[in-house]
Amino acid sequence: MDWILENAFLIPLIPAVSFLVILLFGRSVIGAERVHRVGITAVGIVWVLSMLAAVSWITRVEDSTSYKSDDAEHAQIAVNEGLSASSAGGLDGELHLAAEDDGYGDDGGGYATTEPVISEVDGWWSSSGVDFAVGTLVDGQTVLLLIVVTSISLLVHIYSSEYVKGDRRFVHYYAFLSLFTASMLFFVMAQNLVQMIVGWELVGVCSFALIGHWWEERPNTDAALKAFLTNRVGDIGLLIGVIILFGTFGTFDIDAINRAVGEMGSEVHFAMLMASIALMAAVCSKSGQFPLHTWLPDAMAGPTPVSALIHAATMVVAGVFMIGRLYPVFFEGFSIGTSSINLMAFIGGFTALIGAGLAFAQWDIKKVLAYSTVSQLGYMVMALGVGAWTAAMFHLFTHAFFKACLFLGAGSVSHAAHHTFDMREMGGLRKYMPHTYKTFVISTLALAGVFPFAGFWSKDEILLGAFAGQESAYPLMLIFGCVVALLTAAYMTRVIWYTFWGEYRGHGHPHESPKVMTVPLWILAVMAVVAGAFNLPTPVMRIFGLEGLAHLVQTYAEPTHYLNAIGLSHPPPSFWLAVVGLVMALAGIAITFMYFWRNTGPHGLTERNRYAKAGYTFLEQKYYLDHLYTDIVVGSIKAPIARAANWVNDNVIDKVVNTAGEGARDSGRWVYRWIDQGTIDNTVNALGSGADSGGQGLRVMQTGKVQNYGSLLFGTAAVVAIVFVIVL
Amino acid sequence: MDATGFDAWALTLVVFLPAVGALVMMAVPRARELELKMIALGASLATLAVGVYLLFAFDYGNAGTLQFGVHKGWIDAINADYILGLDGLSLPLLILSMVIIPLCVIYSWEHIPEPGNAKALLILMLILASGMNGTFVAQDLILFFVFFEVVLLPMYFMIGVWGGENRRYASLKFFLFTLFGSALMIVSFVALYFVATNDAGAALNTFNMSELAAAAGGDLARGTQAIIFAGLFMGFGIKVPMFPFHTWLPDAHTEAPTVGSVILAAILLKLGTYGFVRIALPFLPEGAAAWAPWIGLLAVIGIIYGALGCLAQTDMKRLIAFSSVAHMGFVMLGIATLTPIGINAAVFGMVAHGIITGMLFFLAGSVKERYHTLEISRLGGLLKSAPRMGWILAISAMASLGLPGLAGFWGEFPAILSAYSPGAGLSEGTFRTYMVIAAVGTVFAAGYLLWLFQRSAFGEPKPEWEGHVIADVNRYEWAAWTPLIIAMVLFGWVPGLIFGVVDDVSTGIACSIGTAVVGDCPWTG
Amino acid sequence: MLLNQFLLLGALLFAVGVYGVLARRNGVMVLMSIELMLNAVNLNLVAFGLQHDVVSGQVFALFIIAVAAAEVGVGLAIVLLLYRNRKSIAVDEFDLMKG
Amino acid sequence: MVAQNIAFGIIAAITVAAALGMVTTRNIVHAALLLVAVLGGLAANYVLLTAEFIATTQVLVYIGAVMVLFLFGIMLTRAPIGRIPQMTGATWPVAALSALALGGITVYALIDRFGADSLATDNTVFRTADVSDSVFSQYIIPFEAVSVLLLAALIGAVVLARRD
């Protein structure tokens, strides 16, 4: 049963082969318009394998849980499993640490410890006699990501076959989708940090290539460059963080590092702090956290399905995944267990807040969604920062589905509305494209966190994590979380308003997208509804008498073998907090509705009259409340705060990036001109020309007349003789 | 160590086969160009065939010891012997050199630069091949020096005859710079001959490199070692080239013909770094330890400075040339840490840089041939007019900026890694600062390479090229480039191919330095 | 007799010969001055030979006389050739090696 | 001894005077004849130094053969017989300075080193036979070399002077 877990390398291998096949034979053998079949088939196989892996993993966890009653036997099995994990793959792997340590589960507070399945082969590279292995590490977290990546990737592959049809580079598009899927899968099952870097960079390159897919236009390539370079900045942190971890523990092995942190604890606190700060920079760039988030909205220059796959559901969560993967490091480094505020939680919370604020100021539907992604990623990072590992991963899981659905919906809208993403040229589309509209609304409700959609459950867990904390609560994070919940609901309602309600403001005749696009939308929408069921709290399940199915993510995905060692605790569910979260979301929706309605009447400002024409007459009588909310809450957020944030974003952060780039170029020019050419080169040239002018001077003496030479000869002889005879 | 049978001849063949080819070519009239090319290709491929034999016959379990050894008398008057040998350090570089030369010959099939004369150009290439191969296998200082200098003149003529507009200036600059370094280097060699002692304090009076390495400086005082090291440092550092001795490089590269640039970048620069690892470090451990912080400093300055220089360039070839300064900075940083991982990284970096930058120069040559300019602002839309070439440029640029999965990464990352904990009692604080600066350098690298790629490959082709046919990669180019692209990807995914070979030697060197300087070696070989 | 009287005579003649070589314009005169210098040397050789009681001094003097004869022969031939080609034997008119 | 010294004085005075005359006269034929005087004076000096064979050779080779050569040279180059205004080049002061410096330092060095060393007159008197023994035994190879040199010079002179 564990076959797939031990041979997990097949999972990234298949899309990688698909990449090569499409790239090498796509145009010639397969035919340019048929390459999507290769990609879809490959990802389909991988999806099946991932599901198999999930089933295998769950079985494995079940097995180890049932053995828990018998400690001795449990240990024995763990050893056996470790052995089979490393040898059954037919690779000359070593008996791994995983097989030797088995004691963590016993004090795990009621949770079974299930060892990760590590398959590795030695000799990937070596130094001073130490061989570094390459291999796969499969545990619950990996399996969770496998499901997310392959599912979204499969749907995007299918969706794209219509959306990108007839594109100038259809073949390249599918090739890079395959390569991206391969890289992302390689990343999530990395056994060591170097592999992690490899995957991390490769997804970045695919992102670069796909953002710049239409590279004939300058803005697209600028956006691609910006994305890649911003990520490179974060990669400095990744490199240094990995190096610090290697320097401290002498290994790249993720499993060994996590266990070592658990054992050593505060002995290595300072090193872990440094490593965490460095790695945090990497997270900021990859997962669009403040202050390195600016590339993500620009990255929307790529094709929309790519935005859905890479810049919403999968690649951008790489940073979150990495934190989760190296959680003991961050837990120790940032003292998550004992503090009530820390860098990670603050960056996450703050990013969530400013991302949500910025989403109000956008007219481009994809940019709204991009800022929303920034905000939601901030949520996940914040969750990890407050110690809510499961909540973060659960939110990652649910968010992937509803955000992908939103992006694909936006793509569908644009497909209908003549390839524009400007909401001012949309409107009233609910009549023309009912499927897109329905799925978009469902996903919006999920994102807003309305009961009982998926987002509600995962957001609630994050708020719960902030509320309970570990040893102490994280009050600021709780406030951030609640405010963001409100804002999220508000800006998403605004999007729906502009896009689907009112009269159509664009040109041409909008139409519903074909089935090949709407079916993926519906699948994602269904997931947006039911994904929450994967980690329902026990009290809720008790209502249905299905207590055994509660906390699935927590039970199966959590790497208890690491987390138990650092003593991570799980807060009990809180009904009232859930109510608060729900109220926030509903309030956000309500406020927005009122805002748009309020501008209809004669008291409204003239600039907002067209919203009135768009029609929200049934909200008219709530005028006073609307006035209050609009001017004080939404107005203050929209005008000063969001604009200021946007201004800061464009004029300060962006400016700093641009200025730094220009400054580097200018100083490069300056150094080149004055130091390189001016000083160093001139010194060399001066030596040369000095020799030359010396030669010119001496040249006068070369008269060509024998007697002059003779004079010189005898004169010199005389002088030398004088020196020898008299002086010496 | 002396080998028998064919093994005893293998290295001699590797060194002299190209020279024999050059001799044969001299006898063939200039007009019979095809035959001349066939002879050149034959000679270089025959050398490569011996190289393949070496690859298979090499004992990888004993990569740390010299194999295929030859030891014959040569110039008895000065105790210089004809000693050749191959170990894990020489092998990758030797193979690199043997691969690059046939590729250059193939590339030259239809790309003989102005003013023509394929015969002379190919003969020079073969002489270069002899010199370079000889440098990598020579195990006697005088022999090493002879081979080291043999490469100088052909390259001088290559630049001076087939170069661009400013070729005289560039070739002279190259020649004088290198000769200056060589002069100091030979002084140091002679000094080594006279002052090097064994542990017992008896003078060695030998040029035999393995004996000198085994002595590891003997009981020479740190000051003496540092002075001798300074001479070697100048000789090798100019060749590398290290900041601030790098100014010959952009000029030489810009003016040189394509194959000249390729050979220069791919192999000639490696002679310097190879010299550091093979001669300077093991012979003078104390000197190396004394100089290491300064080498490290110059290396990181080179990384940042080279990158800044790149950002300021408007000429594609000159940009690539400046990037060499930055990349060799990583190599030198690895060497300066005096750790096995650093030296491993350096050797990997050398090979990777040879492959990648060689490839980039090939591309620059082909771009120049098609557009008759390398002015970046006049290029653009390469992906549109010649898509395959554009993609190859993309892969090469990505490899050059150190993308994992391609060869460049394994030169950079371990070099940065090694600076975290330098060996031989070097200051951790200093080297960790270097580490951060070097890591910042990777961002710059991405910046200038992508900037180059964006300007030259993305976008629409410039209007001035309307009506011009920009041909895509032709079959000679495919033949010359495919092995390099394959190597980039192969080494990117299977770095153990090089690390595994070099590791024994680099651990040995680092260990002997550690033992000599701080009296202990934390690495087990 | 003092050794020095011969040596000093030789020195004086040598110096005079140097002056002649450097100052005279006529090629034949230059050659004659060279003869003078050679003879000055001969005188020294013979004097030292006597002083040190060796026959070598005289032998060398003989050799020098022979070599001088050869030199004059070739030198005059060159002068002749110059004259034939340039119609002049003024040595300061020849500056083909001017840098 | 006194007689010899007196003889030396007279001969030396004539020799130096003739030499000076040779390098200053404007008449080239006079210069050649003054050279004869110098060479003759030297031959006399050789006699004073008990080197009769050298003296003889000097007379035979120089005054006999070399001088004839010079005179032929003068004639063949059609040098004007008689006074020529520009016999001395414009740079003669430099030449004089060089010659003076060289002569001065040599004189100084000789006086400094040998001072008043008297010539060892009680040594062996080498006869012609001794000289010939030495030439044909110890110096046979240089002798042969000189023979070849003379031959080569002969051929060389012929080749150079040939008119074709």
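We call the chains A, B, C and D, going by the order they appear; numbering starts again at 1 in every chain.
The definition used in the following text is that a residue touches a chain if its C-beta (ideal position, glycine included) is under 8 Å from a C-beta of that chain, and two chains touch if they have at least 3 such contacts.
Everything quoted here is computed from the prediction, not taken from an experiment.
Peer 1: By C-alpha centroid distance to the whole-protein centroid, which chain wins?
Peer 2: B
Peer 1: Would you kindly tell me how far, in whole Å, the mean C-alpha position of subunit D lies from that of subunit B?
Peer 2: The answer is 67 Å.
Peer 1: Can you work out the whole-Å distance between the CA centroids of subunit A and subunit B?
Peer 2: 38
Peer 1: Once you find the CA centre of subunit B and the CA centre of subunit C, what distance in Å lies between them?
Peer 2: Computed from C-alpha means, the inter-chain centre distance equals 60 Å.
Peer 1: Find the geometric centre of each of subunit A and subunit C from their Cα atoms only, then give the gap between the two centres in Å, rounded to an integer.
Peer 2: Going by mean C-alpha positions, subunit A sits 96 Å from subunit C.
Peer 1: Residues of subunit D that contact two or more other chains, please.
Peer 2: Within subunit D, the residues that touch at least two other chains are 89, 91, 94-95, 98-99, 102, 106.
Peer 1: What positions in subunit A touch 2 or more of the other chains?
Peer 2: Those would be 707, 711, 714.
Peer 1: For subunit C, which residues are shared contacts with two or more other chains?
Peer 2: Only 18, 21-23, 91-92 qualify.
Peer 1: Mind listing each pair of touching chains for me?
Peer 2: Contact pairs between chains: A-B, A-C, A-D, C-D.
Peer 1: Which subunit D residues qualify as touching subunit C in the complex?
Peer 2: 1, 4-5, 8, 12, 15-16, 19-20, 22-23, 28, 31-32, 35, 38-39, 42, 45-46, 48-51, 53-54, 57-58, 61-62, 65-66, 69-70, 72-74, 76-79, 84, 86-92, 94-96, 98-100, 102-103, 106-107, 110-111, 114-121, 123-124, 126, 130-131, 134-135, 139, 142-143, 146, 149-150, 152-154, 156-161, 163
Peer 1: Given the complex with subunit D, which residues does subunit A contribute to the contact?
Peer 2: Residues 707-708, 711, 714-715, 717-719, 721-722, 725-726.
Peer 1: Per the contact definition, I'd like the list of subunit C residues that touch subunit D in the complex.
Peer 2: Interface residues on the subunit C side: 1-9, 11-29, 31-33, 35-36, 39, 42-43, 46-47, 49-51, 53, 55-56, 58-59, 61-63, 65-74, 76-81, 83-84, 89-92.
Peer 1: Spell out the part of subunit D that touches subunit A in their complex, as residue ranges.
Peer 2: Going through subunit D, the ones touching subunit A are 89, 91, 94-95, 97-99, 101-102, 105-106, 108-109, 112.
Peer 1: Any idea which subunit C residues touch subunit A in the complex?
Peer 2: Touch list, subunit C to subunit A: 18, 21-23, 30, 91-92, 94-99.
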